[in-house]
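Okay, so chain A shows up in both of these, paired with chain B first and chain C after.
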Partner chain A sequence: MKKQLLIIPSILFLFILLTFFYLLTIERNPSELPSNLLDKKIPKFETESLLKNERFVSSKEFGKEIILVNFFATWCQPCRVEHTYITRFSNEKGIRIIGINYKDSPKKAVKWLSSLGNPYSDVPVDKDGRIAIDWGVYGIPETFVISSKGIIKYRHIGPVTGKIYKKINLLIKDIE
Partner chain B sequence: MVPSLGNLALYLSLFFAISQFIVSRKNKNLKFISLSVIGLLISSLISFFLLMYSHVVSDFSVLNVFQNSHTTKPLLYKISGVWGNHEGSMLLWILVLTLFNYFIFKLFNKKNSVFILKTLEIQAFITIGFILFTVLTSNPFERMIPAQANGLGFNPILQDPALAIHPPLLYIGYVGFSAAFSISVATLSLNNSEKIPWYNYMKPFVATAWTFLTIGIALGAVWAYYELGWGGWWFWDPVENASFMPWLLGTALLHSLIIVEKRKSLQAWVLLLSILAFLLSVVGTFLVRSGILTSVHTFALDPSRGIYILIFIALIGGYSLILFGLKSKRYFDNNYFTFFSKEGSILVNNILMVVVCATVFLGTIYPLLVEAFTNSKISVGEPYYNSTVIPIMIPAILVMGIGPMLGWGKEDKSKVFKKIFPSILITAVMTILIFLIYQSYSVIGIVGIVLSFWIISNNLIMLIKKNKKYSISMIIAHLGVGLLILGITGSSVWQEEKITRMKIDEKTKIEKYTIVFNKIEEIRRSNYIALQGNFLVFDEKRKIITKLKPENRFYPIENNFTTEASIHTNLFRDLYIVLGEGNSNDGWVVRIYYNPLVIWIWIGALVIFWGGISSININLRKLKTLS
Partner chain C sequence: MIKKNFIIIISICLVHFFSNNAQTVEPDEILKNQEQELRARNISKNIRCMVCQNQSIDESNAPLAKDLRILIREKIKAGKNNEEIYKFLTDRYGDFILLKPPFKLNTFALWFLPLIFFVIGIFIVFFHNKKSKQI
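Moving on, here comes the complex of A and B:
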């Protein structure tokens, strides 16, 4: 083996450490991700609705009131964890929630909603994940707060917890 | 008073560590060295147990106790609360480090004095780094004046017996690699170390680290299974990966040490592996502690600490890897192995383990690299790991079944076939039998079952033959792996899940079991209040099998909810019930899992642990005959 090659592990190692160092020094919060779409209009989309017999057209739905958009799937464990809070948004706060069903089997989704309860006013189906790509979704569950003008005000990645629930509620009051 | 003494002991241990570093560097007086080593051990023991005392008597003048304890907590969790937080866990880390330091010192004799002293010097340097880190950024003895009447409580999700002993075992694993690291660096930096059988010194430490890491990881999985209530036991979470990666390298290291012992080949490779195993242990801990990555297990976060530990990692990592680059040349050899031999099979396994480790490492840090260079975020999850790790593991396990039966050097192929023919037969019969019972045909299921019985039957045959050539600890550990694969396959391929909303007296079916929701009641304990469901489980003959009582606990002090799954276990399957939210009008959400063969995962891990322990024994005895 060439002697020069033996230095490769140390170079790789230092490279990785430098990356970590850079990430430590910049301001970031790994669970709160900035959206490129923040303060921009929502991406338009049109798709089938899981529970209704008509097509879901985004331009008809958004822009009237504050709406939460929640990406979910039955195969996603954390979605189950956050379901309680999503339900509380619609039951206690009366907020309209649109649940985008991401890469899921419609049968399972219907069963899921009927057994756990359906907090969503409508469930557009994102069968191949195209809508999620347009929204810049990084991993589900993800929740967006959309203002009454159809503008994305907040994005949360991961399950909505008690803390996030309060935060979103405050934010919604602010926007109002 | 007591906390001040603890603090003093911590500073004393820093002093002894520094003196050990200086004295062993000058390597003059044995008296001074033994004084430093023993002083270091005793002072770190004292500081650790004084912190534990503060936790047990609930001394809320100590910030660490105030933040992590409460008078109503059961004694077990007062004790485990010591390492259930960042500051206290550092103290445990230091204690384990000094224990290994002491064991290295115990190996000292006239013949190996230069080598052991060099090892102690490096071990002292590592210890200094961690004590300084603790003292400067996370001192557990920080006071809080005036003392508070009661504490903030202890994260309820960590109040679990498996998790109470999981960190100490895991730390023995991580820190055990520090000894291998020190030995490796000492070997590289000494000039005439080729004559020292450094691998014989390294092996008991690696065996210890690997064995305890195995059982530590298994207990973490047990905790996730019982406490998280998600029906699974492994989630490819960064914290899990942080323990899995050193385990993979440890596995490779343990096996290649056998080749070094017997054939004196692969020495440079083993020296590198032992450096990497420890670095990965520290980097993994750093990743989760610094908050660079988030995870479901993260319970101690502070980015400011990150910088310190990163500099420390850069120091020891940079030094050891550059040293390896400059000095490892003389440990290279040009021995070629035939593929069809014991060393060939170990080498193949080595490569596969390292590839798996690199794959997991890439998955864990790739999102970070992408973020640093492109400022965009991506996520790597379970699908990545399942689709990359499993295919690499399959050939590794195939080789693992046959490798130990092969001889050193060259093996006659027809002879080998005769040896493995019975196990091929057993594997085939058992696989068909299992599929007749479970009636489920999935490719991964078949592969898993075949691999499992392939390992089990090969090792049983070796066990029966009682050939002295086969190490008994190896057979036990490998048997454990076979059982482990059986459990993993069963629980991941044939798991069934049912989520429904149930009212009192309603029933539901899963597999052949009927489950009746009998009643729900409130129970009160010192540290929590719970809603406890009561479910009756009947089999197909309408005979009652068990009562399951899942709980929804509320911990008032921490203002936190947890779910306690209730599980009925037998050798064939687990029935697992989790109670969700609900009320008496609409009913409660109930999640029921049918998890086949889960218990074999835990049995397998215990059997591996047993094999590991007996291997530590054997290796220590070997070392004794050496001196």
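Moving on, here comes the complex of A and C:
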């Protein structure tokens, strides 16, 4: 009886080993955190628009169709990398994207958009980073998928890669 | 020779120890009201810098940490109490922004498992001793 009980620690140890191995092999970024705003309404904001003369009012823009919100800046290198995918969302898929220009120089941003192409339907300006704090943003680029009811359905931290591009496209098919 | 090296290493460690305590709060951020400033610093020490993740915003040089430090001071000046400020931050960034996990139903295991394991350990030791005494 006692000898049989001795097998329990080894089974436990094996279990721990397998758990660690599993966590090592799955693709996971431990510094990436789930958004606290998932399945909640978007934080309202009102600010000036980079390219238009009228003010950007979030309550007027959201809640009609699926919208992507992309936080970007010209000083952010990964933003340049993901730009091709952001452009593909608007050009190939016809999705409306709102690009929030985070703590940037308006002049540089206008230049950046005219040289790389502008995939955004509107570019609200977040001069002091307060809008980003309301959205729980901590490392740009960050991309949010907003449902047609104005609910945050998905958040991606870091540049949109090929894999994330596919993931977001699949997700958009599922939500309204 | 070894002794000399030892002294050098110790002094480097000491320098690092004190430089780590150097203030990251920049002069233009500091509130004139000392009481309010102290409150701001105490709150900042409990708030995680989401960029560096193992530093508090009081110690971090990250731009977001600075923004949050200023935001906390603005809220204090506006007459908000500590609970309201913590709630503002956790509403946006989740409980992870608090360096000390809150006491909640879903953190029950985190807080009580060590105690439960301790009790189980005591029982095991107790019964083991009882048995060996019999022999």
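Note that in this section the second predicted complex is superposed on the first by the 144 of 176 C-alpha atoms of A that agree within 3 Å, B and C clash if a C-alpha of one lies under 4 Å from a C-alpha of the other, contacts with A are read in each partner's own complex, and residues count from 1 in each chain.
The working rule: a residue touches a chain if its C-beta (ideal position, glycine included) is under 8 Å from a C-beta of that chain, and two chains touch if they have at least 3 such contacts.
These numbers come from a predicted model, not from an experiment.
In the three-chain superposition, say which chain, chain B or chain C, touches more residues of chain A.
Counted on chain A, the partner with more touching residues turns out to be B.
Does the superposition put A:16 against chain B (first), chain C (second), both, or neither?
first
Quick check for you: in the superposed arrangement, does A:53 touch first (chain B), second (chain C), both or neither?
neither
Under the stated touch criterion, which partner chain does A:134 make contact with: chain B (first), chain C (second), both, or neither?
In the superposed model, A:134 contacts chain C only, not chain B.
By the touch definition above, which chain A residues appear in both interfaces, chain B in one complex and chain C in the other?
Shared contact residues on chain A (touching chain B in one complex, chain C in the other): 31, 33, 138-139.
Which bits of chain A are touching chain B when the two form their complex?
Within the complex, chain A contacts chain B at residues 1, 3, 6-7, 9-10, 13-14, 16-17, 19-25, 30-31, 33, 77, 80, 84, 112, 115-117, 138-139.
In their complex, what parts of chain A are in touch with chain C?
31, 33-37, 43, 103, 128-130, 133-136, 138-139
What does chain C use to touch chain A in their complex?
Against chain A, chain C makes touches at 50-51, 53, 63-64, 67-68, 71, 90-94, 96.
Report the residues of chain B in contact with chain A in the complex, numbered from low to high.
230, 232, 272, 276, 279, 286-287, 290-294, 303, 306-307, 310, 313-314, 317-318, 321-322, 324-326, 328-329, 332, 365, 368-369, 371-372, 377-379, 381, 499-501, 580-581, 586, 589, 591
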